[in-house]
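Here come two complexes built around chain A, the first alongside chain B, the second alongside chain C.
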Partner chain A sequence: MGFQFDLSFLIFEIGVAIKYIPVVLLLSIVPLIIGLLLGIGIAIIRLFKIRPFDKFFTVFVIFLRGVPLVLQLTILYLAVSLSFDSLAKTFGLQMSSKDLSYTLIAVVGLSINATVYLSEVMRTALQSVPVGQYEAAYSVGMTSRQMLWRIIIPQALPVAIPLIGNNFIGLIKGSAIASLISVVEIINATLYEASGNYKFLEAYVAAAIIYWLLCILVERLVAFLEYKVGVYGKGGVV
Partner chain B sequence: MIEIKGLHKSFGNHEVLKGIDLKVEKGEVVVILGPSGSGKTTLLRCLNFLEQPDDGEITIGNTRVNCNHVSKKEILEIRRNTAMVFQLYNLFKNKTALENIMEGLVIARKIPREEAEKTSRQILAKVGLLEKWDAYPSQLSGGQQQRVGIARALALNPEAILFDEPTSALDPELVGEVLGVMKKVAREGLTMIVVTHEISFARDIADRVIFIDGGVIVEQGPPAEILFHPREERTKQFLKRILPVDDYTI
Partner chain C sequence: MENIFLFSLFIDSFPQLLSRLHITLYIVVVALLFGLLLGTGIAVARLYKVPVLSQLAAAYVSFIRGIPILVLLFIVYIGVPLAAGAFGANINRWDTLIFVMITYIVNSAAFLSEIVRSAVAGVEKGQMEAALSVGMTRWQAFSRIIAPQAIQIAIPALGNTVVSLLKDTSLAYTLGIIDVIGIIQAISSNTHRSLEAYTAAACIFFVLSFILERFFKWLEKKIGINNSIPGANVAPNNKIAVVGR
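Right, the complex of A and B next:
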């Protein structure tokens, strides 16, 4: 039997994959937003050494950065689903692990992962602003909060945005790992269609094409944002 | 009026300020001279708590703080009574020249935007940069940036302006324009504390010159006395190194 690539099935699978783009976006945009909000908080706490939280988050970041996303998700999934029934009983809830939304577990897991990486991104970006900018803001009598919002964060953004974009792309691709905990997203959906005719190659290629298109789109968006927030640096030596 | 009593500051084991006592009257222009590492910049930065002093008492205007136990509120109050001009200008890079000046007024002092803008434009005109009001710092020369830096300090109408080597980072040909603005400010009767190596500024403008070495005030007095007839050996040695011999005309 020779190698055959079924183009029409590929196109059919692309159609299937497109329908699941919203799932991928849910699994990447929600963690991105949660990660950004928590990440900036953690970055500020660590940068300004706000005790005792700074030490806690330093350990938190080191610990979670050292574990692959696939393990974070599967461990979270197994821990939650295995303990859920007994926990539900303890609290008298009329629920069982069958009612659990795997998508929700995936969103939580990906959000934790995103928070860790984005907190590092924000810390780097905040530290890239010269110390003189902090001093100037203090010298005109600003509070730390005013300084952060008006001076430091606007200057950190041009540094942060390409890195945030990288992380967003990482999250889009990382959302594929949710397929391992039975979330029906692009990969599982296309594989399901191929399970009858065993044309898995076409299924995987279709999924790959959609991921690829999504990532290109995000890259363009990031480039545009980067241009927008960096305007003040143009026209001279920064 | 500014009064400092027994100011101490250490970085690790290195004691940079070993008990500074200093009183600056309203409208006085004080120039601080001293070799590098003598503590003159640290002294200036302690005055608005960019460095936290270890011990001593600082009075600026109506605010008196004990450096042993100073609250955030007191630090903010001290900072709002002073303004600083930095060696590397430190203009807010994400703000235009006008916004740089307005920022402290609108955000820190809650002055209405229109009033702040009016004041800021007047002050920008005073430093000769009104036509550059919408330029970002990256579009200005070093001298222009420093003039905006001085304008930003002036706009705050502080008890005193602290100048931290304001011309040290400038090309020699740009030093003149910044010193010119500083002279103008001095004539208007603002209290100024200036750390500088510009002897001509000290000679022509200062009411008092203070020589600091090793974290203590070695001697102080009118410029004619300190610059040209110093009593202390350390002052003589320092001046010999930075004063060209031909400059002894007065």
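Right, the complex of A and C next:
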């Protein structure tokens, strides 16, 4: 008995997986953007100790960093559907949690997760710029906005970009967990095709290949961006 | 409005969840130990640029880092018995936990090999030369001079990897392992509610990761590189930072 692996079915499944790349990108890019925006806000609030929110966000970040994504998504999914059903019952609506979009819940959950990690990235990046740089910018009469755009961000970005790239890859891989709350993405789509002939290994290998290619692409993109923003750090003040 | 969250149920689920904690910790410890062994082997192959092996190792690391652990779990669970069957071995009866262990070992080896590699590469070249110049053998130089410094460099990244490994084990339930998460299904079949148990599990994972994080912070302070060499400033190792989800 040889190793049973259906190559032509694998190729078919790769085709199926490719069709679901947009779903993976939706589940990773939208959380990345939301996470970046909210993450910067949280990082600034925590760095400049803006009361009373700084304490709240510190606890929020420390707690959620310790909880696996699969639990975050499951809890969000259960909490949303239970409260939705309960509300629908109270108001006598003809709707149930089954009408909710699983994808939307997954996007929200991944966004919360991304916000937590990216706020830490932003904090690290902003902290990597020495205080003297802020003071120097103020001392030559720059406004806060000028300081941020001309002095701080150009120095913080080279620190932030590789970390953001890592998080992007983490989100692409994390989007696979959305399959556990019934979102039809690469894994569930390829598994569905395999449910007739039980060739699940081919389905998983096809999914793995596509995830791998996506991650390599993102890695390349990040390396390119790193090179681009690194130009500021190469000296050459004149 | 019905009660969405029953606090008493939340409290009551802790003893049941904690009774399966040893499975979760068992997976973490085994994956860490064997992952370190395998990872060090991979790192050596890549550091010494062993032909063929080094390219294979690079592809392995890239592949494992590029695929979700959920996918890897099922590939190992379905693929390893098939591959063994091709060699005439029947391992269909093996305990599922073994396949879960293999997955987490394979996964953590890839991340740990990167940590070992960059830690060893992070020790200055002059250290080796100096050690050899005072008459040490290569092994003495490595074990007395290079390794202690490499361990110091590796600690922060190692801490990150252990915490993400712990969080990754939360997916073992998908293969039917009854660990902290796997037991929730049994609880909810009795109570017909699961939100409380999942929230309790989240609290347990939070406490565990918090303790681990603190432990590695303490270790870093105790023997970390910034402590022992005044003024040393090790650049954050962005390449090997692991995003644990």
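The criterion applied here is as follows: the second predicted complex is superposed on the first by the 220 of 238 C-alpha atoms of A that agree within 3 Å, B and C clash if a C-alpha of one lies under 4 Å from a C-alpha of the other, contacts with A are read in each partner's own complex, and residues count from 1 in each chain.
In this text, a contact is a pair of C-beta atoms (placed from the backbone, for glycine too) under 8 Å apart; a residue touches a chain by one contact, two chains touch by 3 or more.
Values in this document were obtained by computation on a predicted structure and should not be read as measured data.
Of the two partner chains placed by superposition, only chain B is touched by A:154; chain C is not.
In the superposition on chain A, A:103 makes contact with neither chain B nor chain C.
With both complexes placed on chain A, chain A has more residues touched by C than by the other of chain B and chain C.
By the touch criterion defined above, A:136 lies against chain B but remains apart from chain C after alignment on the C-alpha atoms of chain A. When the two complexes are overlaid on their common chain A, residue A:58 makes contact with neither chain B nor chain C. Within the superposed three-chain model, A:113 lies in touch with chain C and out of touch with chain B [touch as defined at top]. In the superposed model, A:146 makes contact with chain B only, not with chain C.
Residue contacts after overlaying the shared chain place A:188 against neither chain B nor chain C.
Interface of chain B with chain A (complex): residues 48-50, 76, 79-80, 82-84, 86, 88, 90-95, 103-104, 107-109, 136, 138-140, 152, 156.
Residue ranges on chain A touching chain B, taken from their complex, read 130, 132-133, 135-143, 146, 150-151, 154-155, 232-238.
On the side of chain A, the complex with chain C involves touching residues 1-5, 62-63, 65-72, 74-75, 78-79, 82-83, 86-87, 89-90, 113, 117, 124, 128, 159, 162-163, 166-167, 169-171, 173-174, 176-177, 179-180, 187, 200-201, 204-205, 207-208, 211-216. Interface residues of chain C, counted against chain A in their complex, comprise 1-2, 4-5, 62-63, 65-72, 74-75, 78-79, 82-83, 85-86, 88, 163, 167-168, 170-171, 174, 181, 194-195, 198-199, 201-202, 205-210, 213, 236, 238-239, 241-245.
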